[in-house]
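Chains here go by letter, A, B, C, D and E, matching the order in which they are written, and residues are numbered from 1 within each.
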Amino acid sequence: MTSSETEPTDDQTAPTPGTDGLADTADSGGETTFDRTLLEARDLSVYYGEERALADVDIEIPEKQVTAVIGPSGCGKSTFLRCINRMNDLVDSARVEGELCFDGKNVYDDDVDPVALRRKIGMVFQSPNPFPKSIRDNVAYGLKVQGKQENVDEKVHTALERAALLDEVEDQLDSSGLDLSGGQQQRLCIARAIAPDPDVILMDEPASALDPVATSKIEDLIEDLAEEYTVVIVTHNMQQAARISDKTAVFLTGGELVEFDDTDKIFENPEHDRVEDYITGKFG
Amino acid sequence: MTSSETEPTDDQTAPTPGTDGLADTADSGGETTFDRTLLEARDLSVYYGEERALADVDIEIPEKQVTAVIGPSGCGKSTFLRCINRMNDLVDSARVEGELCFDGKNVYDDDVDPVALRRKIGMVFQSPNPFPKSIRDNVAYGLKVQGKQENVDEKVHTALERAALLDEVEDQLDSSGLDLSGGQQQRLCIARAIAPDPDVILMDEPASALDPVATSKIEDLIEDLAEEYTVVIVTHNMQQAARISDKTAVFLTGGELVEFDDTDKIFENPEHDRVEDYITGKFG
Amino acid sequence: TGLFAAEGNNVNIAGSSTVFPVTEAIASSFSEANPTINLSLSKTGTGGGFGNFFCAGRTDINNASRAIADAEIEQCGNNDVTPVEFQVATDALTVVANPNADWVDCLTVEQLREIWRADGATHWSDINEEWPDEPFELYGAATTSGTFDYFNEAIIGEEANHRSDYHATERDRTIVQGVQGSEYAMGYFGFSYYSENPDSIKAISVDDGDGCVEPSIETAMNGEYTPLSRPLFIYVAKESLEKAAVRNFVRFYMKRAATDLVSEVGYVPLAEDKRDENLETLETTIEEVTA
Amino acid sequence: MAADTGETPADGFGRVSRTKDVVFRLLALAATLIGIVSLAALLLNVAVDAVGWLDWQFLTNPPHPNPYEAGFLPALVGSIAIMLMIALVTFPLGVGAAVYLEEYANDGYLTRFIQLNIANLAGVPSVVYGLLGLGLFVGLFNIGYGNVLAAAFTIALLILPIVIISAQEAIRAVPDSQRQASYGMGATKWQTIRNVVLPRAMPGIMTGTILALGRAIGETAPLIMIAAPTTVFGLPNSFFSKVSAMPLQIYNWASYPQTEFQYGVVAAGVVTLLVVLLTINSIAIVIRNRYQQRT
Amino acid sequence: MSQPDFSHDGIRTARGTAFRYLFMLCALLSILTTVAIILTLLVDAVDFFAQVSLVDFLTGTRWSPTNEPIAFGVLPLISGTLVITIGSAMVALPIGLLTAIYLSEYASDRRRAYLKPALEVLAGVPTVVYGYFALVYVTPAIDAILPVDLSTFNALSASIMVGIMIIPMVSSISEDAMSAVPDSLRQASYGLGATKFTVSTSVVVPAALSGIFSSFILALSRAIGETMIVAIAAGQTPRMIDLTDPAGMFLDSIQPMTSAMVQIGTGDIVGQGPAYKSLFAVGLTLFVITFVMNLISELVASRYREVYR
């Protein structure tokens, strides 16, 4: 909330995460650098039946950067993520208020077809969920449902390459996606998500089911992806958020977005005591 | 392990838990006070299939005191408890090595009938599990299965009274045990466990499903019970262990009993760094 | 008598499906007067009833649309069952066709033989060139039934075999429905099945050399309807007459066999002298076993 | 489809055609309803046809070749007698087998073999059970053909697998914490089963058994195979009385020459059979609902 | 220190053992049943095959147990069974599968709550009632509606009725398999911009395929063993089917194995000759076919249950 009013600047360089970023952000105070905003929530609230899971969230997510969403369990991180591609439509009890704009267009407008919307947004889930099909069919699935039938093989290869999986599976494209290891499965899911070439990739705790080695591969991959895609990632692991993201949004209990800023700023010098408490582990 | 060599002393007064105990135990160093040992494990190991859940445990549990068993999740607390009344017999894959003596008799000897053993040992479980019968029949259940058919009504009353439940249910003894609140149900289960007048009461996280008010009633009750019974209680709540127990056994991952001593000693000045780390929340 | 009283109150009957309706009608009115007697009645065909039930000592009474055969008497004898014959009605075995088959109303015995024998005619036009050039669709009694035996003997005779490529069934209802369903169908069965369905099927008159005779109760009773009218029987095991229930039922049966009850189900009732003769036989036999 | 998607989000995101979706949904709904609706239509037909035929005299008379005098009583009583007998046989055997499989048997080869065998038996055609009854009860044990005992034993074997499977489900649904509580009190296995497991599983077991009896009451082919008589006039007065049953009587009537049987008497019989069946099933549902709240 | 007494109580132990074996006996009864089925069928079938060669039985194309010339070729009966199976499969498999998809993917919980029991009523209606429906209502209705020459006894209405009867077997087992497909797969598909139709047909159905397959086999096995519907409505004409003439296959009377068994069982067949014993030979054939199918279905089903524990 503190930072959502700031205007995007021309500065295209994302602040590099790590300790060297500390001085910059500490100096700039409330002032933060912004790219072009791709996603923007205004007064976004979500209710499950009577219960409010997201409370008046305002946020501007920049294009082609990694934005991390962190917060204690049940604070509404997943709910927020699923607002972006309207996956909450699938939950009967869910009700959304406010606006969420994708490139200026409110995705909750009546004329928006959520199916069409989702074709612009890839999604990767907490635990790897490949289809019980061949690796090739898994990656080609999105192309198939979206009717993008040309050059399928080429696109499958490219997607697997971008997902840093190609080398490992190149000669077993016809074996089942379920036969891969957990980390490979998750990269397969990433390949599946990027194959139809979406604009945004949403990831909901994509590494929580993985071992440290697999996790670090996925983290490397996410940083690469940000060169071409806008990545929004939910994580419960603060170190992970600090390592890979450019921006960090901190939700706290009650579905409130307490602070949104450059990642370095959040981790080194947050505005709010509650955020500091949460980050240092005193709460949550 | 540190203290298991020390001989029981004549000192019948259990050290009172709380801060005043601190000075005593801190002063006495490795020296601890013991009552008569009722339960004694020697080199006790338990395997589930190939996996070892309890590793060479040696412990002497004194009579008519509260012994708390704490440790991180999966460390083998429940497994240990269920060794005492041979409930592990019901798990096909479980295999026990070493000895566990009840009043000097190894309960794993061939001539021991686990059914007879369990009649000397009451057990209370994590979440209240009353039978879908009347309150009276619930409490009388042990008497019935054990063939103790005289003065059933009187014994039911006494048990309910000791379990601090009589006042609340006196005029609805014939209504179902399921109609009680969670805390009442758990006290009903305690009444059920003590009605046949066992020697030992085992409790496996008896308050973990309860709200704070119900929990504190149960805690009071446990302290009272120790006047007549030997109580062994598993808890994941260190504050609870500190509040109610005389002795504390700390298991750490791998089913290892790392430290067993007077509760005050454990909480104020543990021998092992790992125990200290665990108790202060740095680990587990 | 409670719900589970003695075996002695049971009367078990099996046998001919042709005689079945007669026995059913009589058993029904008998059991209304005697509710404690458990009468059971099975449609097994005459031969099946003799072979599997009656002569095996499993039933007290067998319905029969033909007289008992020597082999069957022998089988009964081996099991100490003594069959006592009572004629209970007369039947006019009826050949039927579809009402729309307007070209045929009467057939000679030779024509019938040609239609029903093995390697005989296959098309209507084989019998008469003016008739349609369509294959027969034939429905008849199952081979072991009394009806089959009787038809086989009266029409086909010794020299030829009854054909086997026809719809053979124990269930006469099937024949009615089959013939009703196809213009080129033909079938035969007991008269009662025709008399119940005179609108949906048409009876064929039979010419035994003396001109066409329509099957009816009258023509059967006065002996004009040849060669297809036949006597119907029940056979009672002499040994079963020791049971009071069986005695009472057979007495009741004999009296009723001469009444309209029989014509109501489509058969010719017994003449009164024949009935008296039956009753006499019955009482004599009863005396023999109860003595 | 991709071509439908507009390039500039400001104009919305385009629309993806839902024609297939809608058509498929309607198709699936139609498929779901087709069986139910056609059954309802047939039931309606038979109910209409039964009007005027299903009356007191029909329910209290013995059968008769004259459709206006025909009655259903012996078949009705026969069905009920057979069913009671079946309940007496299958309930203890079914519960016993289920208790063994759920509470005693360990997960060895024998158990899995028994389990597979039970699943298979549940799928053996009823006419084959008829032959079993014919060979075993009528032939080998010489109980007699077509009587109450032979009929009940034969159909009991037929529904036993169904009873066992549903009893197993009911027993499996008893929470393990209940057994633990009982063993913890020093109860023996049998005490635990009798005092804790069975009382708790009983509504489920009863429901399953009663539903299986509903299946039993409609069985015809096994009765035919054990040579149950075509028509019975009196009420069964011993275990060895020849017995008919409602479906068998219906099957017989369906072969009678008169159309009054086809469109009247048989319809009345069908309606009676369905009413009895429905009553049985509603008893099961009442039991299930009555006890379901308590869990 | 006097040791506590935890010794075994003889009576208690004996009672426990007695109950154990009593219950075990009940469970073993099911195996006895199977053995008894096989033995009763085999004993008489062996008698039969002593008089009729097994080869003639299995390859003969004429079934005429009582009519001269006598022939015991089972193929016409298997043909009849095949016709009914094919016919009922054409009704039940698509309808049952669509029903399962509707229930699992489209119907709201409330709607499912009354549709499922309503469907189960279909399976609970006695088969003799279905047979009666087929003969008395369905055949005349088809005859009136379709411009075909339908025999009174025909495979068509019998197949339709058998098909309707087995719909619930297909739908409920398939639905179980579809419900077992983890939601995460559906989410993945929706997340890629799939419509409900695509999710159902390209993710849920393929993932539930083994369960669906198992439901198909089980339902067909049930159709093969169905007796009363065919005995009442399909006729008694054992004939070889001509697969090139589908109309003739369905419009005329046929005789499946079960119906032949009923005919022999009620027929006017005397004594212990091959005509009577053929009942058991056909019964054995039927048992073997359905047993193998049930076994396959059970094995396939247990595999799908493992996939998503």
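What we mean here is this: a residue touches a chain if its C-beta (ideal position, glycine included) is under 8 Å from a C-beta of that chain, and two chains touch if they have at least 3 such contacts.
As the structure is a prediction and not an experimental result, all values here were calculated from the model.
Touching chain C and chain E at once are the following chains: D. Among the remaining chains, B is positioned farthest from chain E, on the basis of C-alpha centroids. Of all chain pairs, the one linked by the largest number of contacting C-beta pairs is D-E.
Distances between chain centres, each the mean of the C-alpha atoms, put C farthest from chain A. If you average the CA atoms of chain B and of chain E, the two centres end up 56 Å from each other.
If you average the Cα atoms of chain B and of chain D, the two centres end up 50 Å apart. Separating the centre of chain D from that of chain E, both taken as means of CA atoms, is a distance of 15 Å.
If each chain is reduced to the centroid of its CA atoms, chain C and chain D end up 38 Å from each other. In chain A, the positions touching at least two other chains are 115-117, 119, 146. In chain E, the positions touching at least two other chains are 12, 193, 195, 266. Chain contacts: chain D has residues 16, 188, 227, 254 touching two or more partner chains.
Every pair of chains meeting the touch criterion is listed here: A-D, A-E, B-D, B-E, C-D, C-E, D-E. By the touch rule above, chain D contacts chain E in their complex via residues 16, 18, 20-21, 24-25, 27-29, 31-32, 34-36, 38-39, 42, 45-46, 92-97, 99-101, 103-105, 113-114, 116-132, 134-136, 139-140, 157, 160-161, 164, 188-190, 193, 211, 214-215, 217-221, 224-225, 227, 247-248, 250-251, 254, 262-263, 266, 270, 273-274, 277, 281. Contact residues of chain E toward chain A in the complex are 182, 184-185, 187-195, 198, 202-203, 206-207, 307. The touching residues of chain B, counted against chain D in their complex, run 85, 87, 90, 92, 115-123, 125, 127, 129-133, 141-142, 144-146, 176, 178, 189, 192-193, 196.
Every residue of chain C that touches chain E in the complex is listed here, in rising order: 43-52, 118, 142-145, 161-162, 164, 167-170, 174, 177-178, 180-182. Of all residues in chain E, those touching chain B in their complex are 1, 3-9, 12-13.
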